[in-house]
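Each chain gets a letter, A, B, C and D, in the order it is written, and its residues are counted from 1.
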Amino acid sequence: MSQTDAAQKLAYALRFGDTALVLSHRLSEWCGKGPALEEDMALANTALDLLGQARHWLTYAGELEAQGRDEDALAYHRNDREFFNLLLVEQPNGNYADSMVRQFYFDAWHALALRRLLASNDAQMAAIAEKALKEVSYHLRRSSDLVVRLGDGSERSHAMMQAAADALWAYTGEMFMGDAVDADAAAQGYGFDPASLRAPWLDYVREVFDEATLTLPNPDAWMHQGGKQGRHGEALSYLLGEMQVLQRSYPGAQW
Amino acid sequence: MSQTDAAQKLAYALRFGDTALVLSHRLSEWCGKGPALEEDMALANTALDLLGQARHWLTYAGELEAQGRDEDALAYHRNDREFFNLLLVEQPNGNYADSMVRQFYFDAWHALALRRLLASNDAQMAAIAEKALKEVSYHLRRSSDLVVRLGDGSERSHAMMQAAADALWAYTGEMFMGDAVDADAAAQGYGFDPASLRAPWLDYVREVFDEATLTLPNPDAWMHQGGKQGRHGEALSYLLGEMQVLQRSYPGAQW
Amino acid sequence: EGQERVFQERIDAGVKIEPKDWMPEGYRKTLVRQISQHAHSEIVGQLPEGNWITRAPTLKRKAILLAKVQDEAGHGLYLYSAAETLGVSRDALIAQLHAGKAKYSSIFNYPTLTWADIGAIGWLVDGSAIINQIPLCRCSYGPYARAMVRVCKEESFHQRQGYDLLLALCNGTPEQKAMAQDALNRWWWPALMMFGPSDADSVNSAQSTQWGIKLFSNDALRQKMVDQTVPQAEYLGLTIPDPDLKWNEERGHYDFGAIDWDEFFNVIKGNGPCNRERLATRVQAYEDGEWFREGLNAHADKQAARGAAAA
Amino acid sequence: EGQERVFQERIDAGVKIEPKDWMPEGYRKTLVRQISQHAHSEIVGQLPEGNWITRAPTLKRKAILLAKVQDEAGHGLYLYSAAETLGVSRDALIAQLHAGKAKYSSIFNYPTLTWADIGAIGWLVDGSAIINQIPLCRCSYGPYARAMVRVCKEESFHQRQGYDLLLALCNGTPEQKAMAQDALNRWWWPALMMFGPSDADSVNSAQSTQWGIKLFSNDALRQKMVDQTVPQAEYLGLTIPDPDLKWNEERGHYDFGAIDWDEFFNVIKGNGPCNRERLATRVQAYEDGEWFREGLNAHADKQAARGAAAA
């Protein structure tokens, strides 16, 4: 593997790891503040699954990098310009409708993405994906179910879900935009072309929205991008500052 | 000056400095989000005054400590257990009524406290107080005026001001509770007995509240304490984590 | 009364009371109060620990803490269910909590100021909770006893994790060790207060004992906590903040200093550092979630109507 | 028209137009649009910079940034006042902004990602603003020209502070210098776009020029910005992100690469990284403040009534 190849693959692993880590963080911000006890449990559970996945990805990224950085070094000692998560998952929680729609958009992509990674020629990536897919399939069932029930619920819940669906829409396009890292992943056979997930994702989201009586936003609307390349919104550096505060304040300490 | 004396005086200076710094931070969180352009300007102005005062106090504290720490070392490299600000000023902003009542309660005390420090036998403290008092007299006029206008304003503004007055009340008692540091300050003549400010403070607040048609909360209600001794609420460590993020993340860098 | 005698005989014979069995009104009321307080404590207890999830210093510790807080929500669920078997709904109980009419464990009105507090809560607060709760696994009311078995198993896991967290700090830098000592200083006395006032001052104890709801005295449980914890603190190299603490050879127990019951009653009255915040946070969460619960209900109604129309 | 001719003669003679003077409706409209856009830009411009006040790395830098943001609010005030002399209220202008009908400078739809961005905004964004605004100190409408004098004085102060901030980073650690380079990479092109489309594509330019509102072409000002900034970047040791940039001996100016006007128009249309957030923040602030403004009005009404009753 050439040095460039290794760097591309590392970036690829970090994108999955950072995305899982950042979304886990956002979900954990809900702790004790959900709209029902069952939701508190489900949020913590999803956050925990994603955190576990992030740890696998970051540990593997550390191996690919081969500079001796472990999951914690990668999670706690990079700034937001070195994080490669999707913009969608860093969006602030907003109200619970916002958080649920964010989750639904993401889960629908995540399940598709992991399914493609099952065929990765990188055994470790395939193994991480296989374990994660079991969890994510459940996440997707849950978030799809909530979208349907709240979309086709009361007038108020419908309006809130539609507003959330519209507001977050512009952050979904990035999931399907490829760059050199994606091209390398697809060419080398350890990853896939993200554009190929767009049609099935749209089909699935459309189907769920139909059942939820929600209007699908315009698929050809302008979309944000940059997260996968480390260009984030203003919220991420606050999130990381909070997450990293102890590691940054007590350099070298063991916990 | 014995070592204990020096430590007491240092703690005394830090209390004033930390209180000004933390309130300045809270006010600056309003940046661009105030209820009117004139308020945006006034908030920034007050934040700036308090920041300037904090810098004087912390610089002087560094001199008293004589360990080579400057204003930045003291502001950016202590954690919340080492901060000695009043609990009142660390309270989250809440709505604008909360922020204004917090400011009013504090300004009313601050002006009294600084006036007493004019007579400090520590020339530097007296000088800091003199400069600060000019600014704080203006802050107090402004916050008193707003309390009157909003208290005796619409039904809604009255209700919001009263709710804020009640909610923050329990954080005012600490301003008048003395401990060993205060006792030393009074005994040595560089400071004063905080209990002696209680009656004039209550008189002033009562007078303004009367004009504002607000009900003074019960002066003998139970009161929080601990901030002056470094035992804070849960909000302060978030505030400091945010404030200190760059200094903590780039140790040793010059800015 | 005959019913009452039969009831007491069952208890004395160690037979569990089940939801459909006859029971005295006082027994029911006492249990509802106790179980719901316990449930509320689990729910409110999420907040002080949740305060450090986003700031946990390693991903592993973060995962442990997240799992723990999730367990607490789960405990809340079992316990509300156990209370519901006594004929009172979860919504009604939560409404009491939000109205300030129901209590929860006062310990959660103290703030978590540093990461070490997460360890101290696991070690001391869960430690006290377990000592309180283990006897309840044998209490006379079946659903409560069974809920407690499950709760205790998880709590003892949490306690070990808390201790392990502190062990890492105590083996760490001097700053980290100081953080652990500071946490012990602040949590020690509130943890001892968790057992409640001295039995002499405790109302209803006799009746609860007769009913098999209370199996040991508050003071006896507190003594057990002290005896168990002192050597653990020694192993950590931490000092318990009690100058009167010393081994009493004769009693075979540690003697310890007087508890500041003024503080205890003050916090119960609402004057703790975080009472207002904790309740406000829960009430806000509930109010913010109203549209959500209403939406789910509306959907369920629609589904039911569609089902009826199809039938 | 005679009025119109007299008006144009005054302008041509360099005499300022004042609020009470007759003016063509188009002149009034153009000025209202331009001044209010400028005012809105000052107000919205508080947000990207305000994003780093709480995180400024030294107290001195924090004070400088706070003072700067305060100045911007002040500029907003003068400018709204200047617009009000043309017969439109501040409230009406703000309502247009909040309804998405009025523009503000597109540059504020880019995020401030690092501390270096604060320096880059001062250096490049204020730099472009000054070049744009200095000619306006001589524009034909008196209140606007006078407001601009005050604004420009403060802006040039801000620009030096921004440059000084970057200088500290460029003299700092490699990480700090990389942060500065990254900021330059992101802000360079948007700063050049601040001058607006090439004159060939610019509507209304001719009329504005005739009216003495526009004194130089967009391209001329942009060239001035490039020429002025390149040596400053060199002094910092930073590389301007334009491979086509080079000195043209013949022209006596720097040549530079083609601007991506698609991006420019896209951001204007609402598709910038932060358009939605910026407007949402301002609207939220305004809505949250409704009770405040209403309360002050109610008090003023009461006072007036009391005054009337006493009279």
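By our rule, contacts are C-beta pairs under 8 Å (C-beta built on N, C-alpha and C of every residue); 3 or more make two chains touch, one makes a residue touch a chain.
For reference, the UniProt names are A, B = Phenylacetate-CoA oxygenase subunit PaaC.
Only a predicted model underlies this, so the values are computations on that prediction, with no experimental measurement involved.
Asks: Touching chain A and chain C alike: which chains?
Replies: B
Asks: Of the pairs B-C and B-D, which shows more C-beta pairs in contact?
Replies: B-D
Asks: Between chain A and chain D, what is the gap in Å from one C-alpha centre to the other?
Replies: 37
Asks: Between chain C and chain D, tell me the centre distance in angstrom, where each centre is the average of that chain's C-alpha atoms.
Replies: 57
Asks: Can you pull out the residues of chain C that are in contact with at least two other chains?
Replies: Answer for chain C, listing residues that touch two or more other chains: 55.
Asks: If I count partner chains per residue in chain A, which residues reach a count of at least 2?
Replies: 79, 241-242, 245
Asks: For the protein chains shown, what form does their contact graph take: line, ring, star, complete or other?
Replies: Graph shape here is other: it fits none of the named patterns.
Asks: According to the definition already given, which pairs of chains are in contact?
Replies: Per the contact definition above, the touching pairs are A-B, A-C, A-D, B-C, B-D.
Asks: Under the stated contact criterion, what part of chain D meets chain B in this complex?
Replies: 43-44, 46-47, 50, 53-63, 66-67, 69-70, 73-74, 76-77, 80, 90, 115, 165, 168-169, 171-173, 175-176, 281-282, 284-286, 288-300, 302
Asks: Quick check: in the complex, which residue numbers of chain D touch chain A?
Replies: Spelled out, the residues of chain D in touch with chain A are 48, 51, 55, 111-114, 182, 186, 266, 269, 271, 273-274, 276-277.
Asks: For a test of understanding, state which residues of chain B touch chain C in their complex under the given definition.
Replies: Residues 79-81, 167, 170, 222, 224, 226, 231-234, 237, 241 of chain B touch chain C in their complex.
Asks: Can you list the chain B residues touching chain A in their complex?
Replies: Touching chain A: residues 79, 238, 241-242, 244-245, 248-249, 251 of chain B.
Asks: Which positions of chain A touch chain C when the two form their complex?
Replies: Answer in residue numbers: 21, 25, 28-29, 31-41, 44-45, 47-48, 51-52, 54-55, 58, 71-72, 75-76, 95-97, 148-150, 152-154, 156-158, 160, 242-243, 245-247, 250, 252-255.
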